[in-house]
Structure formats: C-alpha cells, structure tokens
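Down below are the structures I want you to see.
Across the two complexes that follow, chain A remains constant while its partner is chain B and subsequently chain C.
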Partner chain A sequence: MVQDMALLVQYVVVGLAVGSLYALVALGIVLLYRTSRILNFAHGDLATFGTFIAFALLTAWRWPFAAASLGSLLTTAVVGAAFFFLVIRPAKESTLLGKIVITLGLALVLQGATVILWGTGTKILPFPLSDIKVYRLGQVVVSQISVGSFAVGLALMGALYVLVQHTRVGLAMRAVSQDTVAAQVLGIPVKQIFALTWGLASALGAAAGILLAPATLLDPYMMLDPFLKGFAAAVLGGIDSMPGAAVGGLLLGVLEALFGGYVSVKFKTTLAFLIIIAVLVVRPEGLLGREYKRRV
Partner chain B sequence: MELRQRYEEDLTLVRGVLGWSALLALLAFLALLPVLAPGYFLYTASLVAVHVVIAVGLNLLVGYTGQISLGHAGFVAVGAYAAGVLATRLHVPWPGAMLGGGIAAAFFGFLVGIPALRLTGPYLTIATLGFGIAVNQVLTNWEQLSGGRTGLFLPKLAIAGVRLRDHHIYYLFAGLAAALVWIATNLVRSHVGRAFVAIRDSDIAAEVMGVNLTVYKTLAFAVSAFYAGIGGAMLAYLLGYLEPQLFTLFESIYYFSMIVIGGLGTIPGSILGAILLTILPQQLAGLKQYLPLVYGATIVLVMAVEPLGIYGRWLRIKLWFKTWPF
Partner chain C sequence: MAELNPLLKVHNVETAYYGRLTVLRGVSLEVPDGRIVALLGSNGAGKTTLLRTIMGLISDQPEKGTVEFAGRRLNGMDPEDVAALGIGYVIEGRGIFPELSVHENLQLGTYRRRGAGVRADFDRVHGLFPILRERQGQLAGTLSGGEQQMLAIGRALLMRPRLLMLDEPSLGLAPMLVREIFRAIAGINRDGTAILLVEQNARMALSIAHTGYVLESGRLVLEGSAQDLAENPNVQELYLGVTREPSIKGWKRYKVRRRWA
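And now, the complex of A and B:
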C-alpha cells in the first residue's frame, strides 16, 4: 500500500518535471497567439535552432554554460523578430490558414538550415546538471536535472507573468492582444510590440529546448514531439490563456506519466490527444480559455 | 461577352471551341505521356494522380467548407491499410479493396466530423492533428494489423489474371483521378457544394438560411476522407507495400501545402498544387540535403506574394488579358 502510494507520487513527480517543459513550450505558443492570432508551427524548429546555437557556443566557442544559454536565447529571439519583420509583416496573407502555412514553411527552412549547419547525427549538449545524481525523499527518487529544469521552468513562467501583468511593456502587449487598432490609435508602437512578442516566444522555446536537450539528445527533429505536446497543452488550457498554458502543460505531463506507468508506454501520445479531444468536446474553448463570442 | 440564355448552357463544364480544344489537347497529352516521357517518369505520373485525388478531397474540406485538417495523412493511412488488409487477408480483388479503403476512411471522417461540429480554428487544428498522430501510433504498435517492421505487402494489380505494367497502372490511375475530379467539380456546383461554401463564409448565417450544419459538416469530413481513402488505396497498390512511416505528420503538412500553394477553394488549384509538389521534390532529389530549405522557402514565398495560390495568379493573368488594354 505504502509502495503503491510511493509509486503514484513518483509518477506525478516525473510528470510535473516533464509537464513544466511542455508548459514552457505552450507559453511561447500562447504568447504569440494572443498577440498576433498566429499559430506558430515553426515554434519547435525555432527552439531546436536555438538549442543548436547553445551547443555551438558551448563546444566550438567554449563559452560557460550560463553565457551560452543567454547567447542562444538572444539569437533565437533575434531570428524570431527578424522573421516577423521579413515575412509576416510584408505578407499579404491574412487568413488563419495562410499564416499557418507560412509558419510551416519557416519550420521547414529552419529545419533545413539546422541539418545543413550541424548534420543529422545526434549530439550531446554538455549540461551542468546530471541525471545520474538523484535526490531521495522517502521512496520517491528525483534526478538533479528534473529538479533543475522544473525550477528554471517555474522561474521563467513567473518572470513572464510579472512581465505581462506588472510592467508597461506587458500592459502594451495586453492592449495589442485585445484590440490592435485601438492600441495603435492610442500611440502604442504595435510593430515593435509584435516583434518583441515574436522574440520572447522564440526565446521561451529555446529555453525549453536547452532544458530538454539532456533528456532527448540533440538532433534536428528533437523538438517535434515536445512541440506537439506543448501545442496540445496550450489548446487544452485554452489557447488565449497564459495560466491555461501552464496548467495544461503540467496536467498533460502528469496524465502522460500516469498512463505510461500504469497502462502502456506505447500509446502514451495517442492517449494525450484523445483526452484533449474529449475535453474540447465538453469545453470547446479549453479549460481556462474565455468563451468564444462573436458578432454575427 | 457571351450570353447564356438557357439553364443547360449554364450547366455545361466545357464551353466553346477554345474550351474543347484545350480539353482535347490535355487528354491527348495525358494519353501520349507513356510514349513521350521516359519510363521512370510514369511512376511519378501515377503518384501525381494519387496526390491529385488526395488534394482535391482535402480542398473540399479545407478550401470549400473551411474546416482545417492537419491530420489528413491519418485518413490516407486508414484507406491504405483497409485496402491492404482486404487484399491480403480476405483476398478481395483490387476494385473492391480500393472501394473498401475509401468507405473505411469515410467512416473515420464521419467520426472526426462529430467533435468538429463544436470546434473551430486552433482547436479544430489540434483535434485533427491528434487524429493523424493517433492513427500513426496505432499502426506502428498494432503489429497484427500493420505487419510491424516488415510492413504489409500487397498483391500486384491485375485484370483477369494479367499483371498490369507501369503504363497500364498510369492509365488506370489517371482515369480514376479524372473521374474523381469530375465528380468533385460537379459536387461543388450542386446544392451540397453551395452549402459547403456557405458554411465556410459564415456558419451561423448558413444555419439561419436553412443549411443543416450537422449534416453538411460531417458530410464534408466524410467525402474528404473518402477521397483520401481512395488515394491511400491507390498509393498502397502503387508502392506495393505499406509501413506506418508513410503516413506521418509530415505527409499531412505536405498535402496541406499542396492545396494552399495551388489555391484554396478551387479544384484546378488542388490539381496544380499536387502536380507541382510531386514533381518538384523528385527533380530536386539530387540536392537532398537542401530539399527542406528550398521547399520551405518556396512555400513562404508563394504565400507572401500570392495568397490565392498558383491558380489565383492564373485567374489574374486571364483577367488582365480579358480587360486589356485597360
């Protein structure tokens, strides 16, 4: 009985650690969707690109880990913002479908660039925390890396919350997301806010990528699965709600770990998507999303 | 400016000397292709036929009814495996197996259409994407059905015991594709097609005007999935073997790109997109490493410059000549 409890807690802990990374990916997607109504399918590939930048800075340039991570986040942010200025803004396309396709195109471009620059072989990102060193709390075992990534994930979420809710820039971002034209009329530099959002969202993705790298190893397709899970988490929580993204990510991680532990590892992903479809049928706007109203 | 006086004149698909000669030239070109083109190109041409069927079906759903599907490879997979299982386990001859593939996929299309009644935009995107991934994972892990790592091998196409050669398969597939395109063209001109377009433009307004959303949304999914299933069965027979890796998220995106690059909500656009995106990767096969880069850049460029796709650009060129010199 005690053992059963310990096993359950163990699965939940593992799920929370993975879920915090899903939540980070989901936050990037939600941040961008809220502001610009773009579903960014290149989010995963931007993140992979950022992780490879960190890898290059760490191994070829021999930067310390913190500096390399920071450099990677900044580079990815610049790439994201550049994409906004070079493609999204000049594009005539304005439908949801068209924008999805543009970001799919960007995803392919980034993936191609990553393959050409670094090849398709798997690489190991030198990470300061180890997954062999573990902490024991009773019968529950937690690896150092899980604790670290959970902590960093929570810290980033907190920082993002403060930025969006308690700063002038965050206020401008919220205003733009509510009504772009009204925000522009009131003198908010909408263009810069969009670019900033692209940059922030991309940097969040890169952070998730670096934290995931020790678990998945580094290859050009490493972020595909986490991106899909993050996307699913964002939709589960409600695509326009930032707390929703965090809750959706953690929930998805825990559900997946429980199902993987008790039922079947093979059908883990299938289950995740079936749950999401079931939730959406009951609540079409996601768990914490606002109900979708429109003028006819 | 031609004046149409009778309803029958409005119904005709091919008009005037120019229309008929263009159609005849096209048919002659398709008929002579095996003579003109090198042997290996026939395989590509058959693959184009498969993709035309899938793209036309997808465009009925996305372009005409306005329902996003990023899991279309799932329907293609259902059709392909249904045909494969019917042909290998139950020894059903190929016309029956293909039809079975189409019907099985249509059934799944109907099932996916039910949650789609309540979902829009990103929510529908994730639901269909999830369906595609679920199908792929079930096929990968359910080895009795899919044959596991070794794959599922299909019997060769044969009519009355005579094995079909490459150019026979090409004629068969081109004929099938032409028939399905013809059906789709007529479908979108009927009351069903008008209901689809009304739902795309505004589902609430359509409902007010008496369009039954439940019926037509699930019908759109079922018809689109039927096309995908037939396409999948054709693909299964063309390749001769099946493995789950043929039906991943990448394929869903690939089919989706076809209709967007070709032109959303147009049948000729779907055909043009399918042709371009089948032949382009084959011609660029030498630059395999640069393929995703070129491919992605092409998509971004087309979308940035011409949102209506290739067919939209063609319509504009035609309009320019029609109104010239103004």
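And now, the complex of A and C:
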C-alpha cells in the first residue's frame, strides 16, 4: 500500500518535470496566439534552432553554460522578431490562414538551415545537470535534471507572469491582444509590441529546447514531438489563456506519466490525446479558456 | 474665426475602401484651436471614415488630399504616431479593453507620457467622472454603457491631446447620461482642448459646438456656425426633427436630399 502510494507520487513527479517543459512550449504558442491570433507552426523549429545555437556556443565557442543559454535565447528572440518585421508585417494584408501558412514556410526554412549548419546527425548537448545523479525523498527518486528543469520551467513561467501582469509593457501587450485598433489610437507602438511578443515566444521555445535536449538528444527534428505536445497542452488549457497553457502542460505531463507507468508506455501519448479530446468535448474552450464562448 | 489658426486642416480628402469603394469625395474641413466642431450626417455618410482617415487607420488612404495637424502632414503616418502628436480619438463603440481593469485602461492613456503631471491628470479625470474612481479595480467590460463612454473619454484625456475626436459619444445612452457626457465635453473644451465631434444627435451636438459641418454621401453639403446650422431649415427638417408640412414630408425630404447632392 505504501509502495503503491510511493509509485503514484513517483509518476506524478516525473510527469510534472516533463509537463513543465510542455508548459513552456505551450506558453510560447499561447503568448503569440493571444496577441496576434497566429498559430505559429514554426515554434518547434525556432526552438530547435535555438538549441543548436546553444550547442554551438557551448562546443565551438566554449562559452560557459549560462552564457550560452542566454546567448541562445537572445539569438532566437532576434530571429523571431526579425521574422515578424521581415515577413509577417509586410504580409499584413493577407488573411490569418495565410499568415499561419507562412509560419509553416518558416518552419521548413529553419529546419533546412539547421540541417545545413549542423547536419542531421545526433549530437549531445553538454548539460551541467546529470540525469544519473538522483535525490531520494523516502521512496521517491528524482533525478537532478528533473529538479533542475522543473525549477527553471517554473521560474520562467513566473517571470513571464510578472512581465505580462505587472509591467507597463505587459499591460500594453494585454491591451493589444484585446483590441489592436484601440491600442494604436492611444499611441501604443503596436508593431514593437508584436515584435516583442514574437521574440519572447521564440525565446521561451529555445529555453524549452535546451531543457529538453538531455532527454531527447540533439537533432534537427528533436522538437517535433514536444511541439505537438505543447500545442495539445495549449488547446487543453484554452488556447487564449496563459495560466491555461501552464496547467495544460503540467496536466498532460502527469497524465502521460501515469498512463505510461500503469498501463502501457507505447500508448501513453495516445491516451493523453484521448483525454484531451474528452475534455474538449465537455469544454470546447479548454480548461481555462474563454474564446470559444465569446466567439459564438 | 479668421484669427484662430486651424489646428486640424483636412483638405480635399478622398478615401476609398479596398481602393475602389469611394466613401469620401473631396472633403475639406478645419478645426480651429480650442473650438468644438460638430460633424453631422446620417448613417453611412462617411463621418467615421473621415475620422479613421485622419488617424491613418485606413491603410494607403486618403487617395487624394491632405490632412494637416498643427502644421504637420499626417498622410501616410501610422496611427500610433498620429496619436502621439496629440490627437485623442474615442472610437465609436468606445474601444475600451474589457478584460483590463478601469484603472489599467486609464493607465494606457498615459503610455506615451513620462512622469510629470500624470497624477494631476488622473485627479482631473476622476473629478470629471467620479464613478471611474469608485470602479477603479473593476473590469472595464462590466461597466454600463455610459460608464464605458466616460472611461473612453477619460482615457483619451490622459493622453493630454490638443485635439479630441469623439465618434458618437451619445450612442445608445439614456438622455440623462447624454447630457452629462456633453457637459463633460464642453468642460474639456473650456480647459483648452479642441474637439471634433461626430454625432447623429444634432441637437445636443449643436448646443455645445461653435461651428459645424453636414456630411452627406461623402460630400460636405453645409457648413457654418452652430447657430446658423441650427436655424437652417434643411438641418431642422432632417436632423432636428422640426416639421413644417407633415403631409408631404417624405417628398420634401427626398427633394432636399436632391438639392444638396
């Protein structure tokens, strides 16, 4: 009985660690969606690109890990913002669907660039935390890397929350997401706000990529699965809600871990998606979302 | 009026939506510094289009003509830069941010300003519309229509505009609230802000305006002092609801429209 309990806690802990990374991916998607209504299909490839930047800075340039991560986040943010200014903005007359297809194009371009620059071979990102070193809390075992990525994930979410809810720029971001024209006529520089959102969302993706790299290894397609999971988490939580993205990500991680642990590892993703479908049938707007109701 | 410099000068403006659907056909008007100018006209006359053209909200428009504000040409500028020059625009339907608090909405009015005088201006807005202080923490979407209008005007005032453009501030409000809003508008003007007032409620608009224009199907058909307009038989018939010969009203209305066009 005690053992069963410990096992359950073990699965939940593992799920939360993975889920916090899904949540980071989901937050990037949701952040951009809320401000511009664009679903960014290049999110995963931006993240992969950012992770490879970190890899290059760590190995070829021999930067310390913290500096390399920061450099990667900044570079990815610049790529995201540049994409807004150079492609999305000039295409402002196109429909929303058109813009979403453009992000698909960016995904392919980034994937190609990653392959050309670093090849298709699998690489290992030198990570300062180990997945062999573990901490024991009673019968529950947690690897150092899980603790680390969970902590960093939470810290980033907290920072994002403070930025959006408690700063002047965050207030402007929320205003733009609710009514772009009304924000413009108040003199809020809407273009810069959009660019900032693109940059922030991309950097969040890169952060998730770096934290995932030890688990997935480094190759040009490493973010394919995490991107889908992040997207699903965003839909689960409500695609227009940032707390929803965080909750959705953590929940998806835990569900996967539980199903993988108790039933079948092979079908853990399948079950997770079945549960998402069930939730969406009952609450089409997602757990914490509101959009669906408002649009009807 | 000749001694007053026009703060806003719209000259021969033509605006078309999608480059084809022409809405404004050679509109010229002036808003002198410190005055209230009323722009009257029925639905679809192009009043809102004119305001949107001035703000630069319609991309690649105006097709022809110029818009000048305080001596600067606005053609081709982005709306946020037009706003930063000192034009406050209260859009029709108010344009408040429903999921932000009343206080946050007001704060956004000061986005392009730094420090000095913000506190005093908040006090001024709260003095003008005390309800906004009471409802500070409430989400703006939960306010009544009149309160939302006050919020929108107060927020625009916090930009410290030299010109305030109001699009149908009376829309959908109870008569008592309309009077309160118009009293506030007159007060704002007395403090030195020029106002371009778009209204369907011609009686209220002309009661506080100095001059006025009448827009019909994208053309200005009449201009003059507020008093001249209020006494003009056509305006009386079409906008003030004064009838002389009820029996053939419909026919007269038709003929008047023909004469203007």
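Rule of thumb we're sticking to: the second predicted complex is superposed on the first by the 287 of 296 C-alpha atoms of A that agree within 3 Å, B and C clash if a C-alpha of one lies under 4 Å from a C-alpha of the other, contacts with A are read in each partner's own complex, and residues count from 1 in each chain.
Simple rule for what comes next: contacts are C-beta pairs under 8 Å (C-beta built on N, C-alpha and C of every residue); 3 or more make two chains touch, one makes a residue touch a chain.
Given the structure is predicted, the values throughout are model-derived calculations rather than measurements.
With both complexes brought onto chain A, simultaneous placement of chain B and chain C is permitted, the two fitting side by side without a clash. Between chain B and chain C, B touches the greater number of residues of chain A. By the touch criterion defined above, A:184 reaches chain C but does not reach chain B. Once the two complexes are laid over each other on the shared chain, residue contacts for A:116 go to chain B alone; chain C is not touched. Once chain A of one complex is fitted onto chain A of the other, the partner contacts of A:171 are limited to chain C, with no touch recorded for chain B. Applying the stated contact rule after C-alpha superposition, one finds that A:90 touches chain B and leaves chain C untouched.
In the superposed model, A:284 lies in contact with chain B only, and not with chain C. In the overlay built on the shared chain, the residue A:105 is in contact with chain B alone; chain C does not reach it. For the overlaid pair of complexes, the smallest distance between C-alpha atoms of chain B and those of chain C rounds to 14 Å. Touching of chain A by both chain B and chain C, each in its own complex, is seen for residues 92-93.
Across the complex, chain B is touched by residues 33, 39, 87, 90-98, 100-102, 104-113, 115-116, 224, 228, 231-232, 235, 239, 266-267, 269-270, 272-274, 276-277, 280-281, 284-286, 292, 296 of chain A. The touching residues of chain A, when paired with chain C in their complex, are 92-93, 168, 171-172, 174-175, 178-179, 181-191.
Residues of chain B touching chain A in their complex: 62, 68, 115, 118-123, 125-127, 129-131, 133-134, 137-138, 141, 202, 204-205, 249, 253, 256-257, 260, 264, 289-300, 303-305, 307. The part of chain C that touches chain A in the complex is made up of residues 55, 57, 59, 78-81, 83-84, 88-89, 91, 95-100, 104, 107-109, 111-112, 155-156, 159.
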